[in-house]
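You will see two complexes here that share chain A, one where it goes with chain B and one where it goes with chain C.
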Partner chain A sequence: MIPKDGSMLIGEPFKDPTSVPSRNASSYKPLHTFALPKGAEKHYQQQYADMYFLRLALLKKAVIQKAHEAWDDFELGGEKATYVERVLDVRQGELCWVVGTVYMEMNLKPNVLDDISKEHWIVAPPPRETYVNSSGADDMMLEDESGRLRVIGETLNSTYVTGCILAALGTEQADGSFQVIATQFADLPRQPQRWEREDSDRTTVTKTKREKSGKVAIVSGLGITGTEDDDLTLDLLLEYLTGEATGPTDQSNAAQITRLIVAGDSLSHASPILSREDFATKKNQKKHVYGYDASAYNATPAEKLDSFLTQVLPTMPITILPGASDPANVALPQQPLHPALFPHSRSFANPPALSNETLHGLDSVTNPWEGDIEGWRVLGTGGQTVEDLLKYVEDVHPIEVMEMMLRWRCIAPTAPDTLWCYPFQDDDPLLLRECPHIYLAGNMKKFGRRVIEGPAGQKVLLVAVPKFRETGQIVLVDLESMEVELVECGVVQPGV
Partner chain B sequence: MPPKRRSTGPAAKSQQSTLAFHGASNKVTKPGTRAANAKKNILAEPVKKEEKPEATDVQVKEEEEEEEPTTAEAAIIEQTEQVQQQTQSTPEEDEARRITKKRIEAYWKKEISGDKAPRAHQQGLSLEEKILRKFDMSGQYGPCVGIARLKRWQRAHRLGLEPPIEVLAVLLKEQEGKDKLAVQRSHVDELLNARADTELQV
Partner chain C sequence: MAEENYKEYLAARVLTDNRPVTYRLLSRALKVNVNTAKQMLYEFHTKQNAKKPNTIHATYLLIGKMRTSEHINGVNGRDGDDTVMRSSPFISSMPEPEGELAEEPVPTTSIVLVREEELEKTKSEFEDIGSIHIYSLEPGPIENLNVLSVCNQEIAMDFASEDPLEQWRVYGSIHNPYIKRRTTKYNPVPPKVPAKPTVKPTHAAAAVKKEDASGLKRKGSVSEDNTSGQSTPQSGPVSLKKSDSKSNLKKDKSVGDLFKSFAKAKPKAKEAEKSKESTPAPVEDEQMQGMSEDEGDENDAPEVKFDEEKAAAAKKAREEREEKLRQMMEDDVDMPDAEPEEEKDSQDAPLDTAVSSKPAESGSQGSVTIQGGRRRGRRRVMKKKKVKDEDGYLVTKEEAVWESFSEEDPEPKKAKPVAKPASTAKGKKAGGKGQGSIASFFKKA
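This part shows the complex of A and B:
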């Protein structure tokens, strides 16, 4: 007889030993959409114009179709809107609509030429809070292969950023700028059914009985620095996840968690490109060592992360994504964290030579990442895409930005403009081909959740996961009911 | 005392070539394409005539060309090899191989029928090269720099942009010719990524 509040000190002693709750297995099928070729097969000689071309070519059809549906019978002052092929072919006074890529002209955007003139080493550019010019001198343009068209209009005060594909209806003014009345974007793509990939893999048609799905726990921004201040909350989290904390109620809750997703920024200062402060301290050090200084490497953060993972892994499979401050490549899509970082926990993972995924242990995956958990399609990012987008707009909630990214079908619209990115030439995996059921973004300032709907009945759950180091919160998503819970681990000050 | 100068005996025949400040192979101005293409002769006839009397110079130049290709060239080389390794030809390739020369000429006539002025500076180019250059300059198939022409055609085809099949026919025919690499790299790519170190010939 377990009392409701979990306190075992009230009531009679138990007769039977309390049952030990067990965890179910997690049904997991990752996709390798963002894996890049290794080594010498990765080329960098192509231009980024290829990426913009691919984005426009792949999304143009969808946008045109949506715009046709919306504006085919649109009339203004007795004039019907016509579709113009090239952006520069708009005629003055004629009501028409064009499709192009948005380009925001902002002088506060990081400019590579400034950095070259100031320093000789590659250092992260100074972090700017926002690129928006307070005096309003920013311009918005619509671009395609023919050229750029400056656009103005009140409807454009909403959140448009460089890289999204838009259809704009309006007319050209005398000074050459295009006055926009309405805009249209591609909106959500087709959403697969739950369990679609598993069912299509099966050859027999018999419907297998599946167990009730559990919950997935998402934590991001562990921010392990190696000093003692992260020990306490990390240990509390560990105890909660392994079911050692508190009482039977919480333990049975925790027993429902079937998988943990670590969404980026697990290590606090491990990015290969130093921030300005780190670089300044290194430069001022007395000893000038040419090349790599091995004595400066501090292995404690990685060891702490490894021991944390090793203690959780026997009870629960983990998917770990790299983040902005993790030792992975800086350009998107970030490749999986190397198993060399996890000397102990890699025994729970398949070696990369054998297989590129681990279904029941530690799966080190790319950022952004796409996969199927319990049949639901999940799209997760470490948060760099959302952070960068927020710098282009003012007073916008991160959840709104996440919704817009899905509706534009671009996972990283500001790449390659202000977000470092690999120059794709053949195919752009950063475009949304299939609508996910759950979209996660890690390292956000605050927790947020929203369910959005698409034109064809798609439903997506958006979850913004806060930084664990600052808030101590982790997010639990129930995969049967799509409910989201927030669990906070921390120390309660007595008497406050 | 100043060092003893070597007496002017019979001039020893040295292996080194003599300095030559004249001739097509020793131009001081930056031809860009010329330097990279001395081996791969696009403008074959005029260059060859001038090089005949200076056989040694040409030889030295050829040796220098054995250096590592630039990264841009290396990537195009690899893309061409990858494309060539595809043993089974796709349906559009099959169709392209069946296109006759007459049809290609008719296609070209149709392409330039809308031109208001005659094409300047294209007298020395073959019909194939003219067709390929027009394909390079068509912006709707994407940028032509940093990508092999065949790969660009296939990418445009995959994206549903309907690139003309005659261009594929010309590309496949040229591939069977002698200069596989020169054909795959667009002219603009060579101009933009020209090698600056092939000028010094001493």
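This part shows the complex of A and C:
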């Protein structure tokens, strides 16, 4: 049952350790799509309305084109569907289609006005698990520059969320609402060829021979708290990644991993904005301390993360994204974790001025993040976008949400409505310009994966990465075959 | 050479020190390949248990494929991909309910750490075991496997200075020739692992060291006592108390500093009364200066050296102080230039503390800085914390927290425990003179 070289339960004489193959280089080319301007260039006075305007303006064309393809021949009772440019121009009883931004009116959705009046409340309501009202009293609107149109219809239930751009085919009812028969959305954008950016950089036409690609390991939700109970599984993960644990065969397998992606939530209580619970505990232990209270800061979790990274880095390059509970800015796109958090591991990164070009070392990147690994375009997020979108809908699996986000070409459709977001003015990087080959979302409750196809033959691998702290799982993606596997670290506790 | 050493190392660590050891720590300590270290552990485990059954306990690391039933139960129901079934542009974007997703299990490799008690049971849960090796050895069955993580912390601390890019040669971890490491301008200090309660077992050695150090100190103080002649009986308990908790030591020191400064402020008569001796505190005062802000165990070692260097100065200070004390006691009446508060405190304190000695609750003092006569610093205190648990019950917990304090704050611990060493000797005398506290009165009665 155990292969011959698998059992290390042998004593003297010690045989010479078999040498484990070295890792291959990780071909890595990050994009800086989500980097915000630095310092004084970063402004927060802009209105969010511009984001919606921009989104509609940029996506309208694609949606209209899709709708034309689908509905130009469409007839209902001898009546041809026509395109109406502004939602307010819809005539009653006329079969037509319009394009607009979805807005969901939900009573349970957080509301800025409520937030303001919260100061007068005795007890604020708990954060919502879902915005869906069980009585079904939620309204959906379609909005463009001209105004809003209330839309109803069976096809809409639990399908769209605030912020996505939609073409809706239907007729206006007597009560003024728009009865929808069918909908269209932009669908996947153009997908770059593998190695496209690398090849375009080369002046010579000759194709360089590339080595067979290895695997990329993805972990999210390390959730380091600084207490001991999470240490051991983390140790096992560390020893697996460095190829120290297990026998020669499995060590060679581990050597195929050429990069580690840490997809958010590496620390568990480090967000600059405290969660409700953290805030409550903090408030209770109020002391009379003036100025900065050094005792309130616990450096242990950050030190542990640093130590983990430092021990993995000699054998494997790492890309680390911030997540909801990490010490980065809270508004999307989250900017890279500051190198000061990594006093030891940052020596594996380029010096500060060039640190965002670290190809073989520690690359602290934005969330969401986009880049090329082994020629494939990879889009990764810390999971907040998916998490927030799931609150709008019921009985939907995260992997489906991820699929819809790509098809809507919106990486964060619910921002800025229910998800904090930088007020982009002239360009919105959260719109999907190029279709990735691999789309990752970290910090999901469960592992999930799916391959979707686009209208032009685009193939995208979607991976929902589970929280390591809760499941002990990391995901390996073979970058040659696009196969996915899981590695699970666990401890059998005594007496179980 | 390592081949011979490993038995000694393991015997010393596991059997003598009662601390766990993992293959990784063993490989670092002996500079051997991790895979060799795993075999060494096995060899030692079998040999030792053949000699004396159950003297050594092992944990095993298994890697392989778990049975699928296990998957469904425990870990994850997962979605497969059903790409093929999807036609590309679909009119209704309605996500399909989960049930329709084709279930296609993803190959999963499990890495499981297990004690030898549960090994057979766990083995049976595997469909296919890729490899198995001993992960760690420990003197007896461990209740909480998390204690093993201290071994890795030890590695992070003790072997941080090694060049990480060369480790693969020795230890056999996977080599990556592409990684580059910048040499930073300064070398950051190796990560300090905060001493935590759980860490205790591993820090046993450190504790031993500590004890040694304090033992030395004790010796030193005893000899001082001897030279000064008397009160040796008292010095015994005093030094004992010191050795039992480090925090106490520190407190003693910091207080001592204060005493000393006071003593210096009043250079009175030069003749020293030996009977008052028994105050090792001043000696340690001197060491206090060497203390850095964060107390590390390492800090203790150099103190011993300090002792000798500063012994002379300390002695002088002590003599002055004794002298002063004696004078005070001789004339029952308050002296015109009244004793500083602290001094009195200290006299009362000895017995107080004896009665209600609460060093544990007081915790340790991080650092005290005296600036312009103001004390400021940080100290660790046990705070009671009330939390409402999920069931709605109020639970009171004691937690160690750091708080900063300054002169204005009441200083609960400082005065008392500090005074202890000095006072035990002093207190008795003082009591005799009727200067003692109420407690001392009772004691006499």
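The rule is short, and it goes like this: the second predicted complex is superposed on the first by the 460 of 496 C-alpha atoms of A that agree within 3 Å, B and C clash if a C-alpha of one lies under 4 Å from a C-alpha of the other, contacts with A are read in each partner's own complex, and residues count from 1 in each chain.
We take it that contacts are C-beta pairs under 8 Å (C-beta built on N, C-alpha and C of every residue); 3 or more make two chains touch, one makes a residue touch a chain.
As the structure is a computational prediction, the values presented were derived from the model and not from experiment.
K.L.:
Evaluate whether chain B and chain C can sit on chain A together after superposition, giving fit or clash.
P.N.:
fit
K.L.:
Tell me which of chain B and chain C touches more residues of chain A.
P.N.:
C
K.L.:
Is A:Q425 in contact with chain B, with chain C, with both, or with neither (first, second, both, neither)?
P.N.:
So A:Q425 only meets chain B here.
K.L.:
Does the superposition put A:K29 against chain B (first), chain C (second), both, or neither?
P.N.:
After superposition on chain A, A:K29 lies in contact with neither partner.
K.L.:
Who does A:T183 touch here: chain B (first), chain C (second), both, or neither?
P.N.:
A:T183 contacts chain C only, not chain B.
K.L.:
In the overlay, answer first, second, both or neither for which of chain B and chain C A:A245 touches.
P.N.:
Touch status of A:A245: second partner only.
K.L.:
Taking CA centres after the superposition, what's the angle at chain A between the directions to chain B and chain C, given in steps of 10 degrees?
P.N.:
Taking chain A as the apex, chain B and chain C sit 110 degrees apart.
K.L.:
Determine, under the contact definition given at the top, whether A:H269 touches first (chain B), second (chain C), both, or neither.
P.N.:
It touches nothing on chain B or chain C.
K.L.:
Let me test your reading of the model: by the given contact rule, A:A49 touches which partner, first (chain B), second (chain C), both or neither?
P.N.:
First partner only, chain B.
K.L.:
In the overlaid three-chain picture, which partner chain does A:A57 touch, first (chain B) or second (chain C), both, or neither?
P.N.:
After superposing on A, A:A57 lies in contact with chain B but is clear of chain C.
K.L.:
Give me, in Å and rounded to a whole number, the least C-alpha distance separating chain B from chain C in the superposition.
P.N.:
Minimum over all C-alpha pairs of chain B and chain C: 26 Å.
K.L.:
Check chain A for residues that touch chain B in one structure and chain C in the other, and list them.
P.N.:
Of chain A, no residue contacts chain B in one complex and chain C in the other.
K.L.:
Across the complex, what residues on chain A touch chain C?
P.N.:
Chain A reaches chain C through residues 1-3, 5-12, 14-15, 17-23, 25-26, 66, 70, 155, 158-160, 182-185, 187, 228-229, 231-232, 234-236, 238-240, 242-251, 254-255, 281, 284-285, 287, 289, 293-295, 300, 303, 306-307, 310-311, 313-317, 343-344, 346-351, 360-361, 395-397, 399-401, 403-404, 407, 446-455, 459, 466, 471, 473, 484-494, 496.
K.L.:
Considering the complex alone, what residue numbers of chain B touch chain A?
P.N.:
71-72, 74-75, 78, 139-140, 142-143, 145-147, 151, 155, 159-161
K.L.:
Which residues of chain A touch chain B once you look at their complex with the stated criterion?
P.N.:
Chain A residues touching chain B: 43-47, 49-50, 53-54, 57-58, 61, 145-146, 425-426.
K.L.:
Help me check something: in the complex, which residues belonging to chain C touch chain A?
P.N.:
Where chain C meets chain A, its residues are 3, 23-24, 27, 33-36, 38-40, 42-43, 46-47, 61, 63, 75-83, 86, 88-89, 91-98, 101, 106-115, 117-118, 122, 128-135, 141-149, 152-153, 156, 160, 164-165, 167-168, 171-184, 188, 191-192, 194, 196, 198-199, 378, 383, 385-387, 401-404.
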